[in-house]
Every structure is written in C-alpha cells, then in structure tokens.
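This is the structure I have questions about; it appears just below.
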Amino acid sequence: MIRLRYLVNLSYEILDPSADFLFLIQAARTARQSVVSETLTLTPAVPVTEYTFPDSCNRMLRVHSKKGRLAIRYEAVVEIAHRLDEGESLREVPVAQLPFEVLPYLAPSRYCESDRMMEFAMREFGSMRRGYARVYAIREWARNHMRFLSHSTNERTSAIDTLVERTGVCRDFAHLMIAVCRALSIPARISSSLDYGADPSMGLPDFHAIVEVYLSGGWYLLDPSGVSIPTGLLRIGTGRDAADIPFAAIFGNVQSERPYIEVEALTDSKLGIQMPLATMKAISTW
Amino acid sequence: MIRLRYLVNLSYEILDPSADFLFLIQAARTARQSVVSETLTLTPAVPVTEYTFPDSCNRMLRVHSKKGRLAIRYEAVVEIAHRLDEGESLREVPVAQLPFEVLPYLAPSRYCESDRMMEFAMREFGSMRRGYARVYAIREWARNHMRFLSHSTNERTSAIDTLVERTGVCRDFAHLMIAVCRALSIPARISSSLDYGADPSMGLPDFHAIVEVYLSGGWYLLDPSGVSIPTGLLRIGTGRDAADIPFAAIFGNVQSERPYIEVEALTDSKLGIQMPLATMKAISTW
Amino acid sequence: MIRLRYLVNLSYEILDPSADFLFLIQAARTARQSVVSETLTLTPAVPVTEYTFPDSCNRMLRVHSKKGRLAIRYEAVVEIAHRLDEGESLREVPVAQLPFEVLPYLAPSRYCESDRMMEFAMREFGSMRRGYARVYAIREWARNHMRFLSHSTNERTSAIDTLVERTGVCRDFAHLMIAVCRALSIPARISSSLDYGADPSMGLPDFHAIVEVYLSGGWYLLDPSGVSIPTGLLRIGTGRDAADIPFAAIFGNVQSERPYIEVEALTDSKLGIQMPLATMKAISTW
Amino acid sequence: MIRLRYLVNLSYEILDPSADFLFLIQAARTARQSVVSETLTLTPAVPVTEYTFPDSCNRMLRVHSKKGRLAIRYEAVVEIAHRLDEGESLREVPVAQLPFEVLPYLAPSRYCESDRMMEFAMREFGSMRRGYARVYAIREWARNHMRFLSHSTNERTSAIDTLVERTGVCRDFAHLMIAVCRALSIPARISSSLDYGADPSMGLPDFHAIVEVYLSGGWYLLDPSGVSIPTGLLRIGTGRDAADIPFAAIFGNVQSERPYIEVEALTDSKLGIQMPLATMKAISTW
C-alpha cells in the first residue's frame, strides 16, 4: 500500500471580461486508488462544477470566472493498492477478444499517429515474442533512442515529430510509445500523473505523462521516459493522448503561471504503508 | 418523413491464416432514425458479434474469419424523421453551459488539428455573428476555397494538409470544417453516411462523410462538400473524426474490393413518406 | 543615395576540442550596393577564409577555432543606390523568357513548399492582374492574415506551418510569401538584411529576412512583415530560403549568445546622402 | 568502359492555349561520361532552347508549345569510364576543408530535412568509423529498414515522411539517405539516372534516383534502393533533391503519359567495352 500527499497550486490572470476553464487535476477514484482526503479552494470563491466521466473516471472541474486573478489550490491524500503482476504471465489480447470499450484505444489520435507507423512498428517489434516483454521492449527502445530534453518540444508536438527528432519530454516519450503499441494492435492510452521520484536536478515537481497498455484483461502502467518511480504514480486522468487530458483547458485570454506542485510519500509502518519502490513486476491499474 | 433503402456489399480475400474485422456499416438507431428492417449476411457464415456504443449509438460488428474469401451483405430500410429548425434560432453554447459529454468534441483529434488553427479560425471567422450563421459560413468557406477532386488524398490526409493543399474529398472537407469549428470552441464531430443525391457523373454511390455541430442543445448536420441532399443522409456512425468510424478496420493481410453500395428513397404518399428535398433549414439529428 | 553604418558582434563558447563556423554577415557587393569600408575582427585571431559565391554575391566566411571563446566583430559602412521603379511598369516574366539562372527560384525549397500550395495560390491570387500589383497583393495578404509574434516559431518552421498557424516572425512571413510566388510561377528568393527602421519597442536591432521577386528583368525587394523601412535594407545574402543563408552555421558543440547589432543611417546633405524613406515605388536590387 | 544506349519517349496533351516545359532528360557530359551520339526530336517541331548549368552539368531543355499534342523523343549512346576506388581509402572531409562550392550540399532542402534528423543521425551513425564505410552503412540501413513499394508515395513525399512510414520508391530511399548524410555533415546530393539492371518483374524501365556523397575530394555514387547495377548508372542531372531535377517541369494544364524508356548496355570486346557488373568498390563520378 502506498500513500501520497499531493498539492497543486494554479494561478491565472484573466484579461478578458470572463474566461472558462476545464481542470483535470484531481486524483481519480479507481479500483486501485482511493482518495483519503482532499480539499479544493478557489480564490475568489467562484462556483465550480465537477463531473466524473464514467468510462475513464476522469474528474473534470468546470469554472467560469471574471476578469482578474484566479487561483486554484488542490490538496489530497491518496492511497494506491497496486497489484503487481509477473510480466511473463501477461499476454496481448487478440482483437477478436478485446472488450469493445477498449477498441477506441487502437485507433490513431491527435498526437499518436499510429496509422503512419505500421511498417516501422512491424520491422522493429513485429517478430518479438508477444506480451509484456514486447511492450517493455518498446518502452526500452524509446528510452534508448531518444533524448530527454526539457523545453525541446511544445504542446503541438506529436509522435511523428518525436520519431523524427528523437528529442522530447515525458509526454513525447508517452505519445511515441502509445503510437507504436497501437500500430501493433496493442491498445494503449496516456495517463496523467505526477513525477514522483524524479531527480530534483531536473527541476521542480511537475505533472507527468505516462502510458497504460491493455494486456490480459486490464491496463498496465509504464513510464517510457523513466524519470519516476512507477509505484509512486497516482492517476489523475487517462485518455487517448494529451489532447484528452490537459490539466487546464482555457477558453479566453488568460495569462498562466507555472503550476506549483508538491508530492510526497507518507509512510506508516503499522498500517503497512510503504515507500514507493522500484519493481520489475508489471503494475496493474485495474 | 424520409424512408431509404440501403445496400452495401463488401468483399475481401484473407491472405493470412485468419484476420479480424471491425465493421461500422449498419444504420444507427437514434431519436430521429429508426431501422424498419435489416438483414446482414456473411459468406461464409462466420459468427459476428454486435456492440452498440452507448454514447454514439454506433453499431460495431466484429468478425474473425479464416483464410479465403469473406463477403458481407447488409441491406436495410431506414426511416428518418428530421426536425428542421430555423437556423436563426440556433445559438452557439458557451463552454460553461455545454454538457460534459459534449466537451470531448472540442479537443483536437487525429485528422482535425484544431490546436494549430486558432489564429486562422479567429481571423477568418472570429468577428462573425455567432450561431448557425457562423457555422454555415464555415461550410461555405470550405466549399468556396477547396477543390473536390476524387483520389487526390488518402486515409492519412488531415485537416492541416487540406488547409494547405485545398483539395480533397468529402472526408477532407469534413475534417477541415470540424477543425475550424473546434478552434472557435464550437463542438463538432464527423458522421458517416451515404452520398444520397450525389451527381451520378461523380461515380457510383459511396460512403459519405459529413459534419455535425452542437448548437442550442443538440447536434445539427451539414455537408461541407455539398455533394448530397442533406435531408437524405442517414446516420451510420459518428466520432471525433475518420479514425473513429472506418466502415472497416482490418487486422491482418487482406485484399479488399471497392464497396458496392445502393441507396434510394422510397416514397409513399399515403404514409406521408416523401423524397428528400433541399432545405434552407438546419437539420437536427436529435 | 543611402549610407548605413552596420555593426555586428557574435560571441561563442566552443565546448568541443574545436568547431567549424560558416558566417554570412558581411554586406554584399552588388550593382546597387558598395562597401565603403569594413573591418572584421576575430578574437582570438584565428585564420578566416572568405569566399564570394559568383551567382549570389554572398560572402561566406569560414572559421575553424579551438575550445574556448570566439568573438567576431564586423563593422561596415555601406552605400546603397536603389533604383526605384514604377510598380505599374513591372511585369511577370513568362517561364519561356526567364533567364535559365533564375529558374531554380521557381522550385520548392526546404522552408518554401510551393509544390503543396498550387491550389491555394491559384484560388487566392490566380485571377489577379499580373505584375508588381499581384506581388504586392501577396505581400499585403501575408501582412493581413498573419500575426507577427516574437519567439512563436523556430528554425524548423516552414511556410506550410505558417500557412496553417498564421503566426511568425520576419522569416516566416518571407517564407510564406516566397512559396506563394513560386506556386504562381513567379521566381522568388529570400534576402538577409538588418531591420533598419523597426520600432524599438519590438526589441533590439536584429537580422531581418525579406523577399526578392523577379520581375521585368531583375529582382525587386519587399518586406512582407512590414517592420522595416525598405529603402534602408542592405543586402547581406540571398538564397532559396533560410537554409541557404544562416548568419552562422555551426559544426560542433558550441554555446551561442544572441547577436548584438547596430545599424544607423549616415546622412550628408552635401553628398546627397539621405535618410531612408518610405516609398510606394518598387525597389530594385539590380 | 561502359557503353549504354538510352531512349526516352515523352508524350503530352496540352489543354491550355499553350504551355511551357523544362526537360532534364539528356545525358550529362562529365569527366567520366561522354555522349557518343544523341538525337532529340520534337513533334511538332517546336523550337527548343538548351542550357547547361555550369556547376552541375545539367542540360536543361526549354520548350514552349501550343495546344494539342507534344511528343519528345531522345536517344543517346553514352560512354562511362568509371573510376573505381577502394572504399577504405575514402575519408570524410572536415567542413574546414570542403570546397566552398560543396557547402550547399550540407544544407537541408525541400525533400531532405536534415535539420530535423540530427539526433537520429548521431544516435544511429554518430559513433561509427568515418569514411566510405559509414556512408555505406547508411545505405545499408535504408535498405534494411524500409520497404520498396511502387506507388506508395507521391511527388510531395519527403525524407521525414519516409523516416516515419518506412515505405517508398527509389527517390524516397535517396532522400532519406541524403538527409542522414547531411545531418552528419557529409555533403550529399541526388542524381537522376535510369534503372539499368532492375529486375524486369518490377516493371518497365524507368528513371531512377540515386545518391552522390562527397568523400576525399570528389563525389561517389550509391544506390540506396538497390534496384540497379551501379556501374550501369549514367548521369542525367544532379541537384540538392528531386525538386531540382524533375525530368519534366510543366507550366500549364497538360495531360501526361507515362514516359517510355529503354536502356541497354552495348558491348564491344575489341574496344574493351564491357557489361556493367556489380562491384564492391566505390564508384567515382569525378
């Protein structure tokens, strides 16, 4: 059992008479993750509507606010009960047996143009033994063939750009890995989280994009950029790619500050709540 | 009331030991559209699984078939009771009031990169009066600034390609219109149909891609390529873009023939079932 | 007659054991432009080789330097005797009559993908009266359909990106205008200069990219971004696009500082040397 | 010594009142290649202007023709005296020592976006021993990581598309190899030829795009698609990429037929004129 305390502060200056915001910053409630406590504070105290999407468990907040400053503070304590499976036991599921709800994660999406990577994926990974080992090999390929470089890409960068330029940040690693998986008919999606365990020399704590792949009846989590300790990754939202899960979608002329984030593991040996540790096992999110 | 008879024949040669297919060819059942009768025949008579997606009403067929020929024949009689609204009465819905289920249709998608067209959309359409008139102006812009040219594009062509090359087929017109709408915060999605009313000189009847936009509480249908009579458009599937609604997604080494399609209006003056006619009104699909 | 004093300081930190540089910073010597005086200083005083390309008059400097700092200081006084022609007298030259040496400027190039803009160019500008008026209309179109925004693009941005995103800096305006001209079979090329006359509120003096088009037997200069006073534009280099005329091409691991630039008009009423002034005439560079 | 007979027939239907053509179909005259005899016939017998570009030796033909049919017939006997060098003796030339005239072949171009492939090229080939061996390794990489598939690409396809899609024809193999070489600071250019030695099962004889790289003081020829016998490759034109050397650039509304081509080796044992044979040596074109 893992317990994380997570804080995010967002701060905006609205320059139009008013602006609309869609936030996706709250910890999801899933079979493996529960929210022990949370507080959400808006300054000024404008009304906020929350909606949980039934398929993804994404918790969207909608805010309409007038000209001037808007600050959001969200703090939560979250418990994660990962199930760790043996990678060797996990198989790729044939299209004929995939749940229909999973099929959309085979299609190409805005930042994961898998339809253009079929030949590449087949040549690099087509003859590998299928299952978790192949998925892990894709993750290793991304790590070994790309350079992690902060600020080298932007929010319009897609997997094709990354396959060519071989440089990017966590979200670019995730998009490329997802596109390759889908090109091999392995359902894959993006998951937004926090970079628990990242080397402090890389900068302040931040949001973090990772990958989930569907194997043997459920979704498994991988971090192709390798900056975090995967067992310490809590789920905020999942989607086809980054277009589905921006932490803030803003409608109107608004100046944004960089998000301020804290994340820490809370341990309690009596309760069996431990530090997130590295593992060679496959991390289930179902 | 409109009644259409629709026939599609698909024919494949499977070269692998087996292959998987996902078909989206059946008429949807919606508030405005009912299936009077339908027959589906597979030769050989392999099992077929059907699933109706709850949000989109898309009816997906899944087929697993062995090496050799596979033929699908689907025939249906479909009734459409369009509601025709006055365009002037239809307003754009502010983000703050959109149903949460509609919000995904504001995000960029594989073939509709609205995130890169913000400045363009604002410059061309930003100062227009909002509502159906603006949406219709986008449709007219597409028709007046693009060339319809068969076989000029392929299944990887996206709205950005089309904005640059100004040439394409129905699906390219649809993707560009959708991307522009989303860049203006108007929810928009693709709908697959049949090109009822198309000039026979353009070729045999075919599948047809059109656009739905969300206005005043529901989705309205437009045909930016202008080849069909919109009141004669039945709905097969809807999605974010063509990545979501291929009529056939094929997994395996398969040779395909061009689909054979028939579509005709059935009239019955006693029952008030009429020919699809052109209209200046907005065509509701809800 | 115009006389300009121009200074550029470049400063590098070479991190590899050595690095190679190709500089294109010196004022060109052309039929319309003479270098009254110039000094070039390298610190340390490494050898420098100069080569003037016969077709373009571009003066390339080649430098090989060891690990550590490298500073380049170039200062020149340059005289420009523009010939100002009546735009109405300038005609587009049919392909059959273009000098063979000019034909390469009809082909698409790295940042000017004119081959993909044929339909767009024909629809927007195809029916206009041919000649300087049409070229000027293209320049006005770029100014009226794009936003000048510092730091919005990078050195990989091409005319296609700009046609889609409608945002950029001088080089992006130039690339888009060049691509449109070539799509209409009007030879066009890029020219590097300094932003004489730019509004100081836009920042420090800088290099500046402008356009030359071939009309009636010679090349004419236009500034599609409109930030400079065109009669005050001296020529450094010309090429097909920015790939041909970087002010510094660097081979090796080198840290660069932002170039420091000064440019000012020197006047002398006795000699008839005047301030650069706005003009409605076409500015010949031949 | 190799002797080839080469015939090309081009056929057009001009739909406009007149149209302009630039042809690049004649065998070049170079240090290694001489034209023994040639005939050029135009039907109708419209005037034709020829110009030989001094740097490239490209022989451009310009034709202006009226509405109706235009046929071009060119036949030549060409002698090639290849110099075959030991690959091991060929070194990469440092930028500091490259002839200035060669430097443009380091820059990115329309279809060879080397500026976006730096990280990829360095990761795949950066640590290899420099020289012909590295260039040959790039050629082998292209052959082993791409699928040759007729009609899979079009005239707008660039090296970036090919790096992603891993499918193409000779010109795509050439563009990708050129881009990789330039990203490693190895000058590279395209050369147009005929596919002497191609497997007849691949179709009729055709134009053929190959690569030249600059090593040890001159240009060496490689065929990354591997369909021809390189010693049987005569040179028509060279350029930065396919944008520079279309066999026909057409200005006006013209319908084209597929070129008809013949190429055969003429042998004469008394004169020492032999069949083109495979070689492991490096084929000099200087």
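Labels A, B, C and D are assigned to the chains in the order they are written; within every chain, residues are numbered from 1.
Simple rule for what comes next: contacts are C-beta pairs under 8 Å (C-beta built on N, C-alpha and C of every residue); 3 or more make two chains touch, one makes a residue touch a chain.
All values derive from a computational prediction rather than experimental measurement.
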| item | value |
| --- | --- |
| Neighbouring chains common to chain B and chain C, by label | none |
| Copies chain A and chain D touch via same or different residues, half shared test | same |
| Intercentroid distance (Cα basis), chain C paired with chain A, Å | 44 |
| Distance from the mean Cα position of chain D to that of chain A, given in whole angstrom | 47 |
| Geometric centre distance via CA averages, chain D-chain C, whole Å | 31 |
| Residue list for chain A, restricted to those that touch at least two other chains | 116 |
| Chain contact topology (line, ring, star, complete or other) | ring |
| For the chain C and chain B complex, residues of the former touching the latter | 113, 116-117, 119-120, 123, 145-147, 160, 163-167 |
| Complex contact set, residues of chain A against chain B | 20, 22, 51, 53, 60, 62, 64, 94-96, 100, 103-104, 106-110, 113, 115-116, 155-156, 185, 243-244, 249, 251 |
